[in-house]
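In the two complexes below, subunit A is the common chain; its partner is subunit B in one and subunit C in the other.
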Partner chain A sequence: MSAEHAAAQQGVTSGEYIAHHLTYFNSIGGKQQAIIDWSVINYDSVFFSIALAVIASLVMWLVARRASAGIPGRVQGAVEMLVEMVIDQTKGVIHSAESRKFVAPLGLTIFIWVFLMNAMDFLPVDLLPNIWRGIYGAAGHDAHHAYLRAVPTADINITMGMSLTVLLICLYYNVKIKGIGGWAHELVTAPFGTSKNPVVAVILGFVNFAMQLIEFVSKTISHGMRLFGNMFAGELLFMLIALMGAAWTGANVPSVLFFIGDLVAALAWAIFHILVVALQAFIFMMLTLVYIGQAHEGH
Partner chain B sequence: MNLNATLIAQVVVFLIFVLFTKKFVWPPIVKALDERADKIKEGLTAADKAKTDLVLAEKRVGEELRKARESAANVRGSAEKQAAGIVEEARAEAAKIVADARKAAESEAQTVLQRVKEDLRGQVAALAVAGAEQILRREIDAKAHAELLANLKQELN
Partner chain C sequence: MDQVNGLVALACGLIIGLGANGACIGIGMMGGKYLDSSARQPELMNALQVKMFLLIGLIDAAFIIGTGIALWFGTSTFLK
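Here is the complex of A and B:
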């Protein structure tokens, strides 16, 4: 008996289940049709992103407020380990001590925040949506339209928002370190250099500028898309695994096998996902540091 | 995969979060870390210093011990010398006393001998005079011959 069949018996097909789970709780109450629509906002992503930021800020702030040079407690020790890790990584990439005063806290923020947002994947895939369905229904709305996505980093708006911010910071440092003139000069002379022949120099200038544009765009897009892709795929796989459990039709052999398969697969994927969650958070932070480091160096 | 205003919201939240971390979280933690590093450095320096001090103190103790031993040896040496001196002095004094005593005894003996000799001489002279009187009863007048007898006595000395 297929998962689809089983789900269908409960009134929802697998496709509908997945589609429902992939729909945001947004300001238009359904799936966004246009690829880009600035009038729409995903409440769920913004809510969880802000909530996790607030929790992380509070914990770190409490630790920081009571931080002492004496023997640290466990929480302080954990935060200190993260801080030391970020300081080490930042020192390796950015050689300006002045810039590190901003970039190192930036790295810490990114790592902790992205880690927490990724870690939302560890909650059972139906937990928050079902709770939300209850609240939404109790509030007098149609529970079938209670959409909720709990993993902010599986929303491309969140990841691209962060990578765009990183791009802005890179541009800021490009101007700050090299000056407007120096940076403009670099834009038309790197990576292919220039020529003494004015015609060739102009052509090379266009080519260089195009390359620089491509570089910035591709860095930013790959930065955001990498995190989004990993987390989206992770979330989707959790949904697919959950479908096995949804194939329950009673105490019969296929149902029990599906149930066991669900448990085993979900456990295995969750354990593997611990690695993905931490690794993607670290990669996002490292790439941020590397890009800002590149903004400090001439080609 | 649709872009919308969430992106802009995220940019704003991100910047606020970063500034919060930079302003309120980062400085105290880094300060605590630096202070702890300083403390540890100080502790290590103090430990090193204590070690050096201990070595110095041990050296000084050794030095003091050596000095004390030396001075004890000196005291003993001088005491022995002094004792030897005292013994020597006493011996010399004793020898002197003995010599004096011997001298005194000798001189006394000499005096006694002299007196005895004198007595004997007197008696011999008297005997000689008596003998001569017996022989020359009549001829010899003691008064007239006193000078002669005195000369005789003198020769017997």
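Here is the complex of A and C:
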């Protein structure tokens, strides 16, 4: 509810409210102008993603250190279920036991990390930005420029960074499993095969290579964009719902209706979002496993 | 400016609406097939459920990406 009061007290329009909440706390101290600007660093996304990774690692380390072979406690049981789920999924997709030693922990890391980053959406949209505004103002800066976005996966840089890393791992396994020559051979022969006629073979080689290139690019982009799109749309909807409560002008009928609408819509969307958060984390992990599994299969 | 606003509104509606059409038809067909097959072979229900959720995510992706872009267009045009 702090959203509505903050918005009403400071007299910002709904457009300014949304724009303020969609601006990162970055190294240029304002909205990024160009669509692609390599010199900008979003400190908030970096901070929250690393902080969540540290928290997750600490919790998992504590559970692993206190794990017992006897009757497991609740936390240990939950973590064991999670680990077994990931191992089961990995076994279904990747058949090389040696690769699984690296890929299964990778899948677990991705699942927990993405889940926690997505779950930042459940905090009220104004909680962390308002705390940050207080700190920023207390430190002697202009509190109106205290920007903060709490959901790292609603930052396309984070999701595309993760999907690019997955692409690099796929390329590594392509080379490792098939060898440089084997992989190069697959690149020019894979979807459509080749021919004995040298002219046709060269043409088919170009077509095959183009198809492979398109496949890699579209896999990587859709992998990152899927997570980003879900989380960005979710975050934006929470903000739009918060604007309904911001229409409060006093104890009159429209204000009360907006207030009730805010509560109902926020509750409904938050419940649906629990599904989205868990599902997207699971899908990101499964697709990582599937893509790495594809790198293991020859055509 | 009014014309630009109107066209952006139409474009957002088309992006979300057409995307939702495709995603709903796809998920509906798949959900129906899933119910069919788990009625025939209930022992496969769990294995199929995981795959169905994975495919829901895949089918949803284009729609959700479109929705995100449309919301971005909409908010950056109308909420200035």
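Here is the rule we use: the second predicted complex is superposed on the first by the 289 of 299 C-alpha atoms of A that agree within 3 Å, B and C clash if a C-alpha of one lies under 4 Å from a C-alpha of the other, contacts with A are read in each partner's own complex, and residues count from 1 in each chain.
FYI, contacts are C-beta pairs under 8 Å (C-beta built on N, C-alpha and C of every residue); 3 or more make two chains touch, one makes a residue touch a chain.
Source: prediction; values computed, not measured.
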More subunit A residues in contact - subunit B or subunit C: B
Contacts of A:15 with subunit B and subunit C, given as first, second, both or neither: second
First (subunit B), second (subunit C), both or neither touched by A:162: first
Subunit B versus subunit C as contact partner of A:105, first or second or both or neither: first
First (subunit B), second (subunit C), both or neither touched by A:230: second
Contact residues of subunit A, present in both the subunit B and the subunit C interface: none
Touch list for subunit B against partner subunit A, complex: 1-11, 13-15, 17-18, 20-22, 24-33, 35-36, 38-39
Subunit A-facing residues of subunit C, complex: 50, 53-54, 56-58, 60-62, 64-69, 71-72, 75, 78-80
Residue ranges of subunit A touching subunit B (in the complex, touch as defined): 26, 32, 34-42, 45-46, 49-50, 53, 56-57, 60-61, 63-65, 67-70, 72, 76, 79-80, 83-84, 87, 101-102, 104-106, 108-109, 113, 155-158, 160-162, 164-165, 168
Residue ranges of subunit A in contact with subunit C within the complex: 13-15, 18-19, 22, 89, 222, 225-226, 228-230, 232-233, 236-237, 279-280, 282-283, 286
